[in-house]
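As structure tokens, here come the structures.
Look at the two complexes coming up: chain A is in both, with chain B in one and chain C in the other.
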Partner chain A sequence: MNESAQPSRPVAKLALGPAWALFALAVVLIIARPILPDGLMRPAEMLILPLADWINAFFIWLRDDLGLIHVTRAFADGIEWLLDVTANILYGKNRWPRIGPLPWIVTALSAACLGYWLGGVRLAVLAGGTFVWIALMGQWKWAMETLSVIVVAAPFSVLLGLLTGVAAWRWRRFEAVLNPILNIAQSLPHFAYMIPVVVFIGVGPKAGAIVTIIFSVPPMIRMTLLGLRKVPPEVVESGKMCGSTSWQLMTRVRIPSARTDILVGVNQVIMQCLAMVVLASFIGMPGLGQKLLQLLQALKIGRSIEIGITIVLLAVALDRCSKAWAERQPVHHESGTGWAARHRVLLTWVGLTMAGFALSAEVPFLAEVGRGQSLSVANPLDAAMSWVIVMIDPVTQWLRWFLITWVLIPVRDALLWLPYTAVLVALAGAGYAVGGWRSALICLGFFGYVAISGWWDRAMITVYTVLVAVAVAASFGFPLGIWASRHEKRAKRVLLLCDSLQTFPSFIYLIPVIMLFGVNDVAVVGAVVLFAAVPLIRYTIEGLRSVPESMIEAADMSGATRGQSLRHVRLPLAFPTIMVGLNQSLMFSLFMVIIAAFIGTQDLGQEMQRALSSTDVGKGLVLGFAVAFIGLMVDHLINRMADSRRRALGL
Partner chain B sequence: MPVSEPVISCRNVWKLFGPSPETYLKVLKGDPGFETIRQAGYISAVRDVSLDIARGEMLVIMGLSGSGKSTLVRCLSRLIEITGGTVSVEGQDIGALSEKQLIDLRRNKMGMVFQSFGLLPHRTVLENVAFPLEMRGQDRTTRRKRALEVIELVGLGGREDYFPRELSGGQQQRVGIARSLAIEPDIWFLDEPFSALDPLIRREMQDEFLRLQGLLGKTIVFITHDFDEALRLSDRIAIMKDGAVEQCDTPDRIVLKPATEYVRKFTEDIEKARVVHAAGLARPINGVPLRGQPVPGKSTIRALARLLVNDAREVLPVADEAGRITGGLNRQEALDILLGGHA
Partner chain C sequence: MTAGLRMVAGVAALAMAATGALADSEDPIIIPTHNWSSQIVMSHVVGQIFESMDNSVEYVSTDSQSVYESVRLGDVTLELEVWEGAFGASFRAALEKGGLHDAGDHNAVTREDWWYPMWTKEACPGLPDWEALNACAAAFATPETGEAGRFLGGPVDWLKHDQERVDGLGMNFKVVNAGSAAALWAELGAAEKTKKPIVLFNWTPNFAEAVWPGEFVEFPEWVEGCDTDPSVGPNPDKTYDCGNPANGYLKKAAWDGMKDKWPDAYETLTKISFTNPQIAEMAKLVDIDEMEPEEAATQWLDENRDVWEPWVN
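So, the complex of A and B:
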């Protein structure tokens, strides 16, 4: 009923005086560096809070005094039982119900049928083909180890997310408490989740499954909440007027109407599960991730590439299938259609499965691909790769030398050279410039935590890696985005590519850079650059493509050249969207830097790895929060900036 | 119009939006007007409305968007809680009903049709129409039988297995109508049911609606922002502005004797001869015998145009459906309305 026809209020112009004053103060602090007392250079010892000890004490209390460990162990045992069942069915682990393993041909045919039902022939080929590839490459056991965890973890987190989402929708207060928790949870790096799980559950598949569940719940909660909010009021009212009780209204009206959003949540859960389950190899989770980790550390590039392809195929297949499920619209059958015709795919599946069982009994190769039978081309691939690497070695050598000597080390040293007070004051100034005193305080609070956590130098190294990587990514990402946005078809193709790249677990990006640069800082930056470029390109294209046609036409009719139109019309209008891309890019890089720790960095991630191997919850969480707060601060700064631009543009 | 106790009766109904509407309403004495209330920080979506709706009557609530008509109909069905006043349905104050009683009332007595249809996207036409029956807990076979009956009634036979998105707008609204009729409600609320449809379909649906009403004879509250639609369908029209009812009367009287300036402006561009009926213009004859063939009271002045121009009588007798003479039509007056002029 509220027609918002009134013009939006003019944006209050913020006086930037205090911001300039803060920047000036930061400059003064930097210039005065030689005569600064030590307390202004680095946080004094007395300022650094023993947060890690407090957290450790709290966790010991939780675990032993409160006896939470019995609860978690019991829960973990339940999960383990489920894992054993799926492990037995998928790859024949010797546990109840002892009926597995399914012949791979049956699994592949089932996947193909599911793919066909969800999205026709193309998805059938993708899903079925993925499993055929896995089997033929001799990776069946590893892949099934990974999959058996996802099969258990994903439904759990969907259910958990759905219930929590409904609760948050129902009780505003609960949502108000939940929201900041979700914000932090979604900016905590993967490793931060692992340490508490190791403390409470230990290592191995069940720990991997549980950390996967915890990690993948937040997007499900968010999407459930969003979906329930989006149900049109008239649909709810019509439900009420039909005399539904509130339970009937929830189960038969609200949730089914929010189906699409909830299924998008399911898609995100599955993708998060895959990303986490691969990383969970750090806490002893067997499967593709562990293999990839071992092979990468042994620099066995050929095999790594094959496993990388498997992970990518799995990611794309899972993503496309679950998305197809979300987009699937019910279609009616002509009246009088028989049961068999209505359940054609189901019957085909039953038939194919039976045929698969029969065939695999005859031909053992179709049941299990033996050791010597796989078509893996790892050895020749290794040889080819070595040749390529030797060939381009001069180039990579030079690039490595150039980057390390002229970019990485100078930037790192400069950041480490800065007095921490100057950094904090400058950040407060930036905060003030985008959102007044409130934002200044928020920035100061988030980054102040980093100072008092006692990991300032490590944090600065993380920041430097992220900054360099995003700068490099932007240097080619923006032009690429602008180029791609020029034609409808090209834009679509590049967007599709970005979509696929975004579904890859972050781990995958390490393979090519390790291959090219070996294990060092350049490889880390390289991986982060690749990972960070994707959202930049994507949002640049989306921003530029979404500029209203009429405005571009108006610019054209005013006689603007292509360049002028881009500079004066399209880029300014696309700016808020591009900012979203930059924000995501920074977040992704932050995560990636932490993950890349195992190939040798000196930043927060490295310390986190150490905390993980010594199961030091306190240290791990202190570090995790440092990463999360850096992320949240960046998020706040950029979102405020994009928001005020958006309002100024009346978008 | 049958004279009986009203089916729906609302007395001094208020709906305020704002920080603490109940407290504010207690302080109010009478109705200070929309603006004054807004100055105090409240939006009066429904302002001191009193209406009675008789059994079998079709009341059309008419107003521009934002005038509170949709809110009012939601107060009548208690989809939203009112801030003050009472709404009674068949003598029962619905504000006092428990959750369970309210659900019972909706399951047995009320049906509602929505502007954007409010269909459940994941259910077929049949399942949508059967939904209220399912809520009542009827078994599948009965549900199916009754739903098919209503689907047939609204002319959608053969489409029962379609999903809403496979239907056109007009067809979707037929589903909405069928669903609201499935439980055979006594009271039928229609909230701008045809506003989302294009003009040709709207016209067709209005005819369909009149046909159904002729068949079923329900008590109807019909919301619209389209004055022509209101005139076409209604027994009585309530015109709303800023949450208050400006005038509630028969179309004839609204056109002939607008109660406020606002109503007059509304009716200004209407061709009155199409609206005013002979019976509406007729005066009591007090026993004075009138000569000649009577004109039917249900005819509009427009329909009588030829007769009015050619007939020489000064006063024409007006007869009701039974043929009884109910009054006399002053020919000059009728001609004034017909020609738009005033002597």
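So, the complex of A and C:
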């Protein structure tokens, strides 16, 4: 790596000429704006392709002429059958096998046993406690509706991801096709997926499950592929020497060796499933998400926060459990240990379950927490919210006025004022500067699509919101990250806060920001900033903390002050990691801006929302690709920059 | 005990199936619910009526615009609240494609228009007259609208022509569109805390009436053709120079297949008709009394037997 960096450096320096030329051209286009022909200001009518019509025609052909709808509906019926089984067991939906619902105490005890088996007492308390909280807060039925979908969607997604990952590992050509698809799929906004699902599957729990599967499968594929790649050839050799068939090699040698990576994939799948809980309720997924939206609609913030806490708790419990599973090594008992001694946890679980069933038959409270018996912290939460809103009203009023008049409107107008040609040329220049002609073409291609999609102005509004939000987030995220990275304990606390903020359902933020700032761009930026700040803080902390001790000591020895050590040693070394954070921050913001359409925006998100409500597949996908391509372009630029920096640092 | 009941219900259903093709199918009737309380409670009320007729019922939450596509395809069986103003366009579009039909009107009428909560009157005593509202536009000014007053409209896809009305009547207002109904309530809730004057889009029947007392702004009365013919209404050169109709319809829609699959339930559906106070009462049970929709429906059915029993054969 180091050798290759040496010759590339002078080349990079020499090659910056064309980049400057492109930037100069962009400036010329901007200066010449008053005399620019219309065709260079905005894409001409004839350039804008009727992509939405083409996609719609294609989908109608798929659905009606090819009869794909029968295939998808049959598949969906299969999923529905599974969902009915879990729904019956977990909350007693009137379907086969008609044995449910399980008393909540049994489910909670089972979760605790599983937690204990995976990670000891702490996990047992976390997993069991989560279910006790759900029951006591009177959210049992909704949580079980949600879980009944997740317990079907997550294993399905894992299996699908595993098979696809193995196929991609086996056939290079398949991987070459799959890779760009995965890239786009991971940067498409959620709503864009949902429209085709409504057309092909319909609405309801099955649609919720399928949209969750589609959304959660890409990380599983990637982790499987990564894990299989990392299997050392020696291990495979020894497998071969034992005379394994290729099936045995795969199931007994490669997959077990790749276990840790694959289980990280499983963890990712679970987290993605929980992230979809609220969004999937737009197409009929029942449970916590649906209830949350209803409560928000009626402005019951306290009770929606309770549901938000439940979702965070579920996410944390499942995350810790699956991580513990990934790290767990097989236990080998001494030979001659009895069956009972080897399966102590299993036996305890059986015992506790029996006791749970018996107790709940006696004490109805342990089977189902009835109405009026549940606890609630909603009233104090609501009171606190109102108090805060009234107290800081003068500050928010001023902030709102200041940001709108001096920041938001000028930036937005400036971006809209730019000729599209200037933007494209400047982006090509930026691409050239980081990665030569190839990158310049990639940037041009991605953003050129936005121009010909016919949504230029709206895309610029999306870009403006993201830029402002990330800038605001950086203004407090970097200092906070630097401050937090000084001490191990502080860093841990801030990271935990970041995790919780991120899993907390984004919709809940929308209402308080409107109450604080009103329906305008300040509220939109406010909602996005929280999401933009999380990765910035996290990666700043992680980047700074992973700087080798020896480097810092070396700086201290040469008499550097704390500030100098930070500026000249720690920050430069952490730079590539911080860039990863910036990249994620931009991605999260893009996703959140789309959701912020529920506040009221004039960007791509608003059109996406319209496409969803009119089930317009073509329009939804055209807009989705526009968002995805903006994201992919940023991703490309930043990755390139971070890579060359890393190479220069010799990391 | 529940198992016993289920058995009885199962036997009854079998017996009915045996008596002839007229009995309702055993498949569940799928009722869509949306994200506002009166509709959810009404769906459960009707669902429980169907259940009392030995039908099985399931609820599925869906988007209130895309639901018509689902009714058309038979993914959901019916829709109980088709608002003329809000969903008329989606409903008619689906009607044209075929697959669903109009299953009759409710007694209730719907009205959607500019509306203000009572505390606004302190800042603008001449209300509800629209000219008085226009005179105190400054009281409604915000940073993003500058000197002009702000009218907080519903989401753009509700297609409300507020901007056309502002132009047609020459009002000193700017329209800012919220992105969702929840955004409207959030602004209203925040305005309440500081008693800030606000004028926004609202409709009846709606839970907001019970939470925030208020009134509709009185615009020049709606006349047929006001939206298409410039000469109608006070401004001879512009359309939409009038208020919205004060009595829009509230319909039920049904999947075409429902009639054959569940003839009895369909028969009942066509008879069902709620009034404005009944709908407001349903919303109140959930939004003010904090009941769950299922319980609210059960209670409403208990208290209003004389209303719904005649609908069931």
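Note that the second predicted complex is superposed on the first by the 598 of 651 C-alpha atoms of A that agree within 3 Å, B and C clash if a C-alpha of one lies under 4 Å from a C-alpha of the other, contacts with A are read in each partner's own complex, and residues count from 1 in each chain.
Simple rule for what comes next: a contact is a pair of C-beta atoms (placed from the backbone, for glycine too) under 8 Å apart; a residue touches a chain by one contact, two chains touch by 3 or more.
Note that the structure is predicted; figures quoted are calculated from it, not measured.
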item: First (chain B), second (chain C), both or neither touched by A:Leu293; value: second
item: Which of chain B and chain C A:Gly204 touches, first, second, both or neither; value: second
item: Touching partner for A:Val277 - first (chain B), second (chain C), both, neither; value: neither
item: Of chain B and chain C, the chain that contacts the larger number of chain A residues; value: C
item: Chain B versus chain C as contact partner of A:Leu612, first or second or both or neither; value: second
item: Partner chain in contact with A:Ile105 - chain B first, chain C second, else both or neither; value: neither
item: A:Cys242 touches, of chain B and chain C: first, second, both or neither?; value: first
item: Residues of chain A touching chain C in the complex; value: 94, 98, 198, 202-205, 281-286, 290, 293-294, 296-299, 371, 386, 389-390, 393, 400-401, 404-405, 409, 510-511, 514-516, 518-521, 596-601, 606, 609-610, 612-615
item: Partner chain B, residues of chain A touching it in the complex; value: 1-3, 232, 234-235, 237-245, 248, 252-253, 256-257, 259, 329-335
item: Residues of chain B that touch chain A when the two form their complex; value: 45, 65-66, 70-71, 74, 77, 79, 103-104, 106-108, 110-112, 114-124, 131-132, 134-136, 158, 160-163, 165-166, 176, 179-180, 183, 189
item: Contact footprint of chain A on chain C as seen in their complex; value: 6, 30, 32, 35-37, 40, 56, 60-67, 69-70, 73, 75-76, 90, 93, 142-144, 152, 155-157, 176-183, 185-187, 189-190, 193-194, 207, 286-287, 292, 295
